[in-house]
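Look at the two complexes coming up: subunit A is in both, with subunit B in one and subunit C in the other.
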Partner chain A sequence: MDQPTPNEHAVTESFLPEPVRALLDGAEPADIVIGLLTFNDASTAPAVARTLLAGLNRNDQQRILLVNCDAGSQDRTPDLVQQAVGDKSRFWAVQHPVMGTSLHVLSESGVPGRDTAVRTLAMVADRLASKACLIVDGNLKSTHPRWAELLTAPILEKGADCVLPQFNRNRYEGTLTSTLLAPVTRALYGRRVAYHQGGAYAFSGAFIRSSLLSQPWDGEVPTYGIDGWVMTLAVAEQADVYQARLGPRVQQAKPLGDLATIIAQAVGCVFHMMERYQHVWESVKASTAVSTIGEQARLGDFVGTLHVERMIHGFRQGLRDLVPIWQIVLSPETFQQVLELGVDDTESFRFPSRLWVQAVYDLALAYHDRLLYREHLLKSLTPLYLGYTASLVLATRAQPVTQVEEELERLAIEYEAMKPYLTQRWRWSDE
Partner chain B sequence: MSDLWGEAMMEAFRDMMKRLVLFLPKLLALASFILLGVLVGLIIKVILQRLLRAARVDVLSERWGLQAALGRAGVKHPLSHVVARVAFWTVFVVFTFMGVDALDLPATASLLGNLLGYLPSVVAACLLILVGVLLANFLGEATLIATVNAQIQEARLIATLVRWGVLLFTAATVLTQLGIAKEIVIAAFSIIFGGVVLALAIAVGLGARNLARDIMERRWRKAKDTKNHDEMAHL
Partner chain C sequence: MLSTDPLWYKDAVFYEIHVKAFADGNGDGIGDFQGLIGKLDYLQWLGVDCIWLLPFYPSPLKDDGYDVADFLQVAEQYGTMDEVRHFLDEAHRRGIRVIVDLVLNHTSDQHTWFQQARSSPQSPKRGFYVWSNNDRTYGKARIIFIDTEKSNWTWDPEAKAFYWHRFFSHQPDLNYDNPEVRQAMLETMAFWLDQGLDGFRCDAVPYLFEREGTICENLPETHTYLKEVRRKIDVAYQGRILLAEANQWPTDVRPYFGDGDEFHMAFHFPLMPRLYMGVQSGNRDPIIDMFTHTPEIPPNCQWCLFLRNHDELTLEMCSGEERDYMYYTYARDPKMRRNIGIARRLAPLLENDRRKIELLNSLVFTLPGSPIIYYGDEIGMGDNVQLKDRDGVRTPMQWTMDRNGGFSNCDPARLYLPVVADPIYGYQSVNVESQKAMPHTLLQWMKQMIKVRKQHPAFGRGTITFLRPANGRVLVYVRRHEDTTLLLVHNLAGSAQPVELDLKEFAGSTPVELLGEARFPRVTERPYVLTLAAYGYYWLNLVPEHPRGEFYGIEQTAL
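And then the complex of A and B:
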């Protein structure tokens, strides 16, 4: 893609806050820009900054700039980060704008206006002609010096466009990701990515220029949340994606938002991108693994409590009360099969994988056809998701971890096998 | 005698013929207006139906729940068909009234003027009905999904109350707009709405006092209440 003209620069940079523009004027280029996203993370962010710099400073030839994008912390986070960084490294403290529209968007890091922070960092990296831009959450407790190397090496040494994280997970951690987001993305675009949202990822300067900055940021990103959006974008744009196995992700704060909102935003992002990238996914027939670096780890044992009965109760209530809505969004065949699911005996309750995949594809089609107000449509998926998750837990909780991995792999293959179901109906609805 | 009779007959005949000659063009005008009304109405109906279909109004009405609301009211046709038919009959009625006005009968004098004077109120009322039904369906649907996802047992009841509350408010506004029994409508609405609010206040304040307290406690002390919540990250 061509470099933007000075005039185009002026248009896109009008978004940048004045202090950032002032910093950019006459700034020296940087090979790597590290973006640290923070909001009241005084207890963790300084350590994250130190760790990342320690990881990158092993190679003295790189010019590194650490940019702390803060959403207006009240606990002196930027000051503490600056103290931690010291005078040896280049450091900018930036307060990114928090738009009203992005306030409702969930963020795993709890940083408001996360989309504008990422956009600011992308523009800074672009203006400083950086080779790589690394974006890391300031609330992480598990960062390791190796992270910086794992996330930037594929870009600097192998010419990758984007490095996505792959964290160690427990067996039932991230079930929405493992039962819907990741397998749907794999079936659609043919790339097997773990689809972790947030934490840490990196982009090449070329990818930022050609794909990231040219996107309609104001229109869709605030609606869906930046992390899922960039993840889907990288895969859908057929970028050269790498995955970095970073080990565990331990965060200080828990994800925000209730389950229905999480589903609406995360699944809505995937469905929205399906409409934009129809020309890409329609012709994809099979999936391939993406290049992955770092030490491999299996699913860990689940720690914590799971209330399967509560999940089944949620599904049962959906079955009782959401029938008029499911009747609209599901195909008659799927709807009938969902109605026939017995929920009288909790232990023997099973939600077949095939039916789950069919329901997800039906919802994607209903979303495409706008059969219902989209947010309602997406939120009506919640009881179905609870039902399938409960079934997965019931079927595998007495089994070893490998059984869960096999079950999830079978599900991913089911998504791929049933893709013609989606493609055919999608085409019919377009005719 | 026979001359007088003949003259009277002729006079009456002449008068009749004179009146007939004067009335016939008016009758012809009425017939023409009716015919024109049918023709113009049909043309407008066809054009409007095509325009509405091209604008995917039927799909939108289905998505917004308007079609379902029409279905519940016994209307089985798509919205584009209904609107086109209403347009046809409106045009036809207007032309017919013009024809009746052309007859120049004392009983029908200023009929068209009155009709046209009332038309803005009718149009405004129709728009109010449309917006009211759409809003009622949207809010009812949103409430149903939110309460089901929150696993509130009375989800359907709450959603129905929201829906009918909006419909009731719409009905009162429409009747007021049309000027039909304004005082009675306002009084009836105030009594019904006030009654519902009072009933809810009594139900929550007395009957479900403990439940209300539990709900509020759960909401405000959410962070501490982890007993019934899963400790799993969904993303």
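And then the complex of A and C:
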């Protein structure tokens, strides 16, 4: 990989806060940088730090630096993390820049300005010539010592560019990911990643230099959330991606925002990156699995209560309130079929997978064509998502978990099969 | 499709229409049911849930239809009974209910009952009215129409007796002590409910009975009869409603709700002038005081709130000082005054200030009760104070900038009243067509407010708690219903105002502005600071930090 010129260093480092630049001046190299992202995580972050260091200290030959990137905690989180790691370990506490808009955009970790934290860590890892940079949220209560090894071993031992997490999930957990984000990413870029957001991932120093730091880091990144952005970036840049099965993911609860906002951010990220990487995805014809390490687990039982009737009601409310928007963003045939779904009673309600895929692709096209203010367009997906999720639950809730997995696999194949529908229309709109 | 919720009226937005004033279907210059049917799509578009029709019965029209000559017919100029039924079907098909004025207290002197009654003391209908051989009986009863009436008794030379009337002398009061009268009015109601009407706005209910030594208002006998009416409706006509017109203090109106077994709804008359006072003086006290004096009502009952209606802005429930203030502020020209009130429409009252119009509508849409919009006020129609009585606020609806404002294609000279045509409020500039075509007009704003209101049952069903921040120009209240908490903030002043709110109780929640869905900074233990533009307002939904159970069950795990 090319080394940045001194002038490039100056440009990128102007982003770094002065205290970080001071720490970097004359700092010793680090083989592995552990980035711990925190914001008022005093109850969990010290344990997470200890756990990660324990996992990496098994290999004494690696020079490790733990960087606590904090968003301005009021509960002394950085002090407590420092106490937890002790004097023997190298430790930096830095406060990453939090832009005004970031306060409204909380990622799944609940850390404001998470994008600038990741960027700061990437720059630190780059300046310290690190082989790997591991980034973990400070509120992940289920962090295990083996996480550090699973996330860094493919980079250190096999030359991987990045390692993405795959957590154990329960039936119907992460339905936006399993019915849209992951299968769309798979259909677009040909890589079958689980697309599990938040918590833990790692990058090689080379990937940071060639692909992460070279990105424009424009205003769209904080809008859409950094996790989806880096995952999409990894597959779109055709990096050597590994997945690490990390087991369950238990997080200290923090507010995420309303469902429509979550959808707008997560799906908006995918659509945003489609525009940037059209030259990559339009020629991809099939998908392949990515290398995955760690213990495999099936979907677990669903925990909680699903309100299917409310979801269907939410879909019908969309039929009442959003028809003018759907008329604009959906193709006429999709729109007509969606309208016809409104007459079914609850138990017999079904939202065909093909129609769902078609609707998602229609929205991607409408996003590309800027048919509406993009946030409104993305939020108008919410009732459709509720309708499809309700249909999925109604069709499979009496079935074994394998049936759910098979249904989701069929859906992913449907996305791939219908990709020409998307590609052709996308090209027409460009002409 | 009509809502099946028996408490539908608690969430409903009402719209008051005079048939003659809304749309002329046959080109005779008078609005009618054919015209009205043609405008139902507009009302559905606007989001109206229930139409309130003023009387459309045959009448000599000395009191604009409130002098009913036949309770069981439709006035010829408005259409036929078949057209009324067709109108009801078409309204229901669009999810709109219809209630109509029913004048319980009196008839026209042209009603056959009165004609027969006056003809002879032996007439079977003589007992349908209240007679006396002197004009001193019930001397404690006040005279309501002091501009035109000197006594509640009028000598009838044909009957050779005085007859009792609380309103105009051509409107003799029915005698509710007579069981035949009570039965006849019950049958009248049943007749209209059988045609498909969804209820009645019952006119002048406090005056049904008379007792010597009393003011002849709100008597126990009246409540006994009204409960009988309600029983009949509950048994045979579920989902239909009774709305009381009782221009009284809330404590005096409260008995009309009974134990939830009398009226479903009642107008909150005294609130209306206090809303205007509050905005004009930039002081929240008149509004809060009025709610302080408003008693709790049964859970199945509801107040009706309004800014304007077909009558004058009544000041009967105001003190002399308050009345002087209202006249000085809103009706310096004596032509604007009628009886004890001000006969002007909303927009002219507020000097056509869009900010004040929005603010007052916002109050009526967010205070406890169901709002009523008077036809034309959604586009800011003007009035004509040169017309007699209250005709100035009953001019034709302004639909387009075409001839007669699109109300009728007749010769303008044939119109029942002239269309408002002045430079500010004239139909050329103020009409539905032009306001529908532009995105930021008053009409579009009203439509948006109605839509947002319907999305949150807390507006119609929630409790209210007033906050009292140091800045007395800002009116702040919280509406709670089930898991929803709404924070409503109104700047009553004509200049920008800051306000510090003690929202400790809601610490951790995020205020989400309901019209634009913008998320405001999270509420903490510290004072919550808001700034408001002149006459500005916020409708904020306080979304809790930790939802008490997810709504769909997938929100926290969607990713």
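Please note the rule applied: the second predicted complex is superposed on the first by the 424 of 431 C-alpha atoms of A that agree within 3 Å, B and C clash if a C-alpha of one lies under 4 Å from a C-alpha of the other, contacts with A are read in each partner's own complex, and residues count from 1 in each chain.
One rule holds for everything that comes next: contacts are C-beta pairs under 8 Å (C-beta built on N, C-alpha and C of every residue); 3 or more make two chains touch, one makes a residue touch a chain.
Keep in mind the model is a prediction, meaning the values are calculated, not measured.
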{"item": "Fit or clash between subunit C and subunit B when superposed on subunit A", "value": "clash"}
{"item": "Broader residue contact with subunit A after superposition on the shared chain, subunit B or subunit C", "value": "B"}
{"item": "Partner chain(s) touched by A:275 [first = subunit B, second = subunit C, both, neither]", "value": "neither"}
{"item": "Partner chain in contact with A:259 - subunit B first, subunit C second, else both or neither", "value": "both"}
{"item": "Touching partner for A:383 - first (subunit B), second (subunit C), both, neither", "value": "first"}
{"item": "Touched partner set for A:197, first subunit B, second subunit C, both or neither", "value": "both"}
{"item": "Touching partner for A:370 - first (subunit B), second (subunit C), both, neither", "value": "first"}
{"item": "Partner chain(s) touched by A:325 [first = subunit B, second = subunit C, both, neither]", "value": "first"}
{"item": "Superposition clash, subunit C against subunit B - the stretch among 22-30, 94-102, 436-444 or 526-534 that is involved", "value": "436-444"}
{"item": "Interface residues of subunit A shared between complexes with subunit B and subunit C", "value": "108, 172-177, 181, 197, 255, 258-259, 262-263, 266, 304-307, 310-311, 314, 321"}
{"item": "Subunit A to subunit C touching residues, read off their complex", "value": "103-104, 108, 172-177, 181, 197-198, 253, 255-259, 262-263, 266, 304-307, 310-311, 314, 321, 386, 389"}
{"item": "Subunit A contact footprint on subunit C (complex, rising order)", "value": "451, 510, 512, 519, 521, 543, 545-546, 549-559"}
{"item": "Parts of subunit A lying in touch with subunit B, wherever the complex brings them together", "value": "108, 172-177, 181, 197, 254-255, 258-260, 262-263, 266, 302, 304-307, 310-311, 313-314, 317-318, 321-322, 325, 369-373, 376, 379-380, 382-383"}
{"item": "Subunit A-touching residues of subunit B, taken from the complex the two chains share", "value": "59-60, 62-64, 138, 141-142, 144-146, 148-151, 153, 155-156, 228-235"}
